[in-house]
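By written order: A, B, C, D, E and F. Residues from 1 in each chain.
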Amino acid sequence: KELMAWLETENSKSKFQQSIHKFNDLCFKRCIDKIEGPMVTPNEEQCLKGCLHRFLDTNTKVVNNLSKLQQ
Amino acid sequence: KLEIELAQANATELVNNLTENCFEKCPGGDDACIASCTQKYMVSWNIISQAYLGLVQNAKR
Amino acid sequence: KELMAWLETENSKSKFQQSIHKFNDLCFKRCIDKIEGPMVTPNEEQCLKGCLHRFLDTNTKVVNNLSKLQQ
Amino acid sequence: KLEIELAQANATELVNNLTENCFEKCPGGDDACIASCTQKYMVSWNIISQAYLGLVQNAKR
Amino acid sequence: KLEIELAQANATELVNNLTENCFEKCPGGDDACIASCTQKYMVSWNIISQAYLGLVQNAKR
Amino acid sequence: KELMAWLETENSKSKFQQSIHKFNDLCFKRCIDKIEGPMVTPNEEQCLKGCLHRFLDTNTKVVNNLSKLQQ
């Protein structure tokens, strides 16, 4: 029983990390144009956050649209 | 139960592909664009699906 | 025995759907340029079908070429 | 043991993504660029991770 | 039986990659281009394979 | 016991081949511009080898940088 609970926690942690891998890969490609130094500039940080928000927002809207189409 | 898992995997893949494609095609992120994009993607899915099914059945004859 | 048959059917259905996912993703990217409304135009439909045909045709030719190279 | 496997899978995916992205962003392949790229990628990872965690927790409330 | 499965997975991946690359490189879809593309891809495979094997063996010494 | 050894050999062979698939896909896309005939030109061959070296070199550097960042 404890094992099952642990497995579930691990599994959801792993899914969370998988999502971060995917979002970071997508948004790093779009927002970090040139590597001019080791710092992430304020503009780049804003772009990264905007990219994440827009992606999640698109995801939500797509799911809503799909369920409307199914009706 | 396996049937549900397969259907779920299928739905997850559809939602992932839809999200990625509409993220690309609607850089503004507005509702109207995403609604049109979703609908176009599903119509495209039906076109491709019908055409592929036709080809597969033709090949079997 | 019936279970095995059912599993096989499900498996081939699943493979078929996996292929559609892949083809639709590839051809939608190429054929749908702008989202100007919810309709797929006749030009876009023709492009989608052409894209599918060319992809499957390339696949067949590649397999034939490979078997020639192996001889 | 599963914990180790999960951590390993996670580390492998991170190294793969880092390598692919820094291969793209540092066409010259020089040390300084790859060091900066690695650091920027990890900072970006933290920004995305924090922002996503915040959104998930907000949605649960 | 596992050996066959591994070889099959390998062949499937090769055919998939070949198809995708030759679909890109031969937009006209003509036979000659796809034949040349297939052959170039396999020669490239051998070059990469030999070079990588050399590097791996060098690193082990 | 022999089975385990065989499985391990097969597994490492399979991983090696997976890597080749990935490297060849990446470097073919970058180095082979046009298909003008069935031969790989000397320039293309040099580009392929350079692409592989740079990729593996980037991989090594990234791993080293990560372990420095972790300290």
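Remarks
Here, a contact is a pair of C-beta atoms (placed from the backbone, for glycine too) under 8 Å apart; a residue touches a chain by one contact, two chains touch by 3 or more.
All values reported here derive from a predicted model rather than from experimental measurement.
Common neighbours of subunit A and subunit B under the contact rule above are absent.
Of the pairs listed in B-C, E-F or D-F, the one whose interface repeats that of A-B, with over half of its contact pairs matching by residue number, is D-F.
Chain geometry summary: the mean Cα position of subunit B and that of subunit F are 33 Å apart.
Chain geometry summary: the mean Cα position of subunit A and that of subunit D are 12 Å apart.
Subunit A and subunit C have centres, each the mean of its CA atoms, that are 28 Å apart. Across the assembly, subunit F contributes no residue in contact with two or more other chains.
Residue positions of subunit E touching 2 or more other chains, listed in rising order: 14, 22, 26, 35, 39. Here the chains link up into one ring; start at subunit A, go to subunit D, and the full order comes out as A, D, F, E, C, B.
Only residues 7, 10, 13-14, 16-21, 23-25, 27-29, 31-32, 34-40, 44-45, 48-49, 52-53, 56 of subunit F touch subunit E when the two sit together in their complex.
Against subunit A, in their complex, subunit D makes its touches with residues 2-3, 6, 9-10, 13-14, 17, 21-22, 24-26, 33, 35-37, 39-41, 43-45, 47-49, 51-52, 55-56.
Touching subunit C in their complex are the following residues of subunit E: 14-15, 18-19, 22-23, 26, 29, 31, 34-35, 38-39, 42. Across the complex, subunit C meets subunit E through its residues 54-55, 57-59, 61-63, 65-66, 69.
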